[in-house]
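Structure in structure tokens, see below.
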Amino acid sequence: MALKLTPTRVVAAVVLAGFALLPLYAEIVGNSFVLSLGTRILVMALAAASLNLILGYGGMVSFGHAAYLGVGGYVVGILAYHGVTSAWVQWPIAVGLSAVVALVIGALSLRTRGLYFIMITLAFAQMIHYVGVGLYDYGGDDGLTLNARSDFGGLPNLDSRPQFYYLCFALLLVALYLMYRLVGSRFGQVIRGSKSNDARMHAIGFPTMRYRLAAFVIAGAVCGLAGVLLANQADFISPATMHWTRSGDLIVMVVLGGMGTLMGPVYGALTVLALEESLSSLTHYWKIIFGPFLVLVVLFGRGGIAGLISRWERRK
Amino acid sequence: MILFIEQILNGVQIGLLLFLLAAGLTLVFGIMDLVNLAHGSLYMMGAYFAAVLTKLTGSFFLGALLALPAALLLGIVVEVVALRSLYSRDHLDQVLATFGLILFFNEAAQLVFGVAGMTIPLPEALQGQIQILPGLPYPTYRFVVVAVGLICALFLYWLVARTRVGMLIRAGASNREMVGALGINIARLYTLVFGLGAALAALAGLMAAPITTVRVGMGENILILAFVVIVIGGIGSVRGAFVAAFLVGLLDTVGRAFLPDILTLFINPIQAASLAQGLSSMLIYILMALVLVVRPAGLFPAPGR
Amino acid sequence: MTGTILATQGLIKRFGGLIATDDVNLEIATGELHAIIGPNGAGKTTLIRQLSGEMRPTSGTVLLDGQDITAVPMERRSHMGLARSYQITSIFPDMTARENVSLAVQAHDGHSFRFWARAADDQRLTGPARAALDQVGLTARADIPANALSHGEHRQLEIAMALATKPRLLLLDEPMAGMGPEESARMVALLKTLKRHLTIVLIEHDMDAVFQLADRLTVLVYGRAIATGTPEAIRVNREVRQAYLGDGHGG
């Protein structure tokens, strides 16, 4: 099969290669901060990719996606608090619980549409946020420090920065590939069709609710995994991770990177976190620039970064 | 018993503040189909203007009197500059763009007014308490807030139900295109509606200023409550916003006041306090979820939606 | 012996004070092409919506093969053999014509909880999709994004999608709307082919086409069915002439 060198593919390859080589660069330059920033970007890219499935491809504007970061993180934190540090126990429980939570929230929310859907997902996320606040034994509003990272009993050793980094990278790659297959499958067609014209989907014979719910659950589970990684990376989890503004950040990443594209979430997470780092070193009030920037992107930047690349591609 | 009535009144007061915020939000969404997350920022700016102007002039009444048109002006500027181009966009674009506005406003407010919050004292004339019923004292200021809120509610009712403008508003909530096709100047109607909403939000903000800490983020907290109110009440319905605001205000206040005590019956006080804090914040969301399950379009949806 | 495939009994639809469907008793015989005509605003699309399940009547029943389907949702009716095309084009604009039709095929090829294999390479989907596109004459345009197709091609795509669901009964809402004479002639030829093995309920304003195709007509005025019969009987019906045909061409 001949592989065409399109700009879309080239940029994707370059970015992924960059991520692959980052630990080497960090080692050479002796800058471990960039490695930890890179880890955070990879984890948020995973979270954004999960949201991209339901938002970018499925058109479901979930304003409560950050809740799953919290669920995943708190499972790890609480289990670690009680001395259960084996990743083989923690991680399946975290992902499983995230899936269950997504199932419940989705079953209730997906009956609604439009602003109502946005609001109800927001409301559920707030509820989970307040559950976190109410967990007095586990830090409540102040959050919970992880007394140990997840233990795989060998490789990978999460206390080693490069190993943790490559684990996150590997998981992201796997997730992106699975997403690629999912979107091209029959299931993916139903999700895309439902975003495009849900009424017509019903008319031609699709009971779309069950498929959208399944997508919602998958997205929640993957985001729960991202939450597990995030908690391990920061050695900390707090209700702030689940605040609705964090869900807003995730939506920004998905849209900025390019909704409904494979690499969009990666570009989005990279841009937002890199901007955050560079701008905040310029001024404490970096959001005063970022806010209007976001407005301008929405008004003029159709399709985000991935869209920009494909527009350039079409012109060549 | 007295404590209970006091909490009811507090719930009414918070409900009315919520109503002021929600009324503008529901009108803007119902007529212009605009999801405006930055509505809370107008509330915050109303409070900030009131705080600053009160400190400058030394009088709350003067500060409030000047703050209202200042915030209204700000709202109109925002509408013309940023929001006009969003009317034809889909909701996601609106959510993102107004989210960006929130970030901007919050940072700008911190830059101009400082990171620490502001407090202003209650105006002297309104300090103290009045006897609503024999043996039932209630803070005067809160009573005034209730009174102002009720007057605004009546004004809105009169405006929407009894005037020509109100008829246009109701028609627009049901069928936007028809109103445009009838030759009404849509742009002016939109600016009017938005201005009205901004004024109400700012009014709520400046009234809240003496009884809360004026700081960045106050807008977002109450914004979510306002959204919950309009979803429960039915988008586009001022009457729905009124009923829902009361439900939410009462549930939140009474819940917060009595839940710790109820929970202490079952578990130890420290855990009860913490659990109650989390649980009582959840109550209104549970209410919203219940309403949406039974009535997916809210309690009083505008007909035709 | 033909039976009644689709019928309505006392169908009424009210919007507040407005009656859009006024006690309609329809009987569609199996295998016929039954046209529904009437002036604009007569409630034809509202009637089709209640037949397809998009809208619930205020009262009355809809029967398919004698079974009460009034409360049956749209997707189930599709699996019972009902298919509909839309007056205002309702397709998947961001997908190609082929993908549009493939989706319709997919809806009737078991469940879609298949997460791995590429749908675009699935012969079970692309084969029947191609057949449907051929039948309506869109083969050459199969890989064009639907939002780039012309208006007439949209109408063709609508039919292709309906056909791809292997229906027994087609509800066509103004398939020739906005078409020029050449395109209309092609659509009429297509419908003539389809009526050989499908029952068709056709809403149309194009009277030439209607009289060429219809076995029977029902005339709808202000939501009421004022007459039902063969084209000849309707043509000479005085009430109909007064209400509709007598005022020159309808629509």
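To keep things simple, chains are lettered A, B and C as they appear, and every chain counts its residues starting from 1.
One rule holds for everything that comes next: a contact is a pair of C-beta atoms (placed from the backbone, for glycine too) under 8 Å apart; a residue touches a chain by one contact, two chains touch by 3 or more.
Quick caveat, the model's predicted, so the values are computed rather than measured.
Q: Computing the C-alpha centre of each chain, which chain sits at the greatest distance from chain A?
A: It is C.
Q: Would you indicate which pair of chains has the most C-beta pairs in contact?
A: Among the chain pairs, A-B has the highest number of C-beta contacts.
Q: Averaging the CA atoms per chain, pick out the one whose centre lands closest to the mean of every protein CA shown.
A: When every chain is reduced to its C-alpha mean, the one closest to the whole-protein mean is A.
Q: Distance between chain A and chain B based on Cα centroids, please, to the nearest Å.
A: Averaging C-alpha atoms per chain gives centres 32 Å apart.
Q: Mind checking the centre-to-centre distance between chain B and chain C? Centres are C-alpha means, answer in whole Å.
A: 48
Q: Hey, how far is the Cα centre of chain A from the one of chain C, in Å?
A: Result: the chain centres lie 43 Å from each other.
Q: Give every residue of chain C touching chain A within the complex, in rising order.
A: Against chain A, the touching part of chain C is residues 52, 54, 73-75, 78-79, 83-84, 86, 90-95, 99, 102-104, 106-108, 112-120, 122, 125, 161, 164-165.
Q: Report the residues of chain A in contact with chain C in the complex, numbered from low to high.
A: 181-182, 184-190, 192-193, 196-197, 199-207, 211, 214
Q: Write out the stretch or stretches of chain A touching chain B in their complex.
A: Against chain B, chain A makes touches at 55, 61, 63, 108, 111-112, 114-116, 118-120, 122-124, 126-127, 130-137, 140, 244-245, 248, 251-252, 255, 285-288, 290-295, 298-299.
Q: Hey, which residues of chain B end up touching chain A in the complex?
A: Checking each residue of chain B against chain A gives 29, 35, 82, 85-86, 89, 91-93, 95-97, 99-108, 110-111, 220, 224, 227-228, 231, 235, 270-271, 274-279, 281-282, 285-286, 288-289, 292-293, 296-298.
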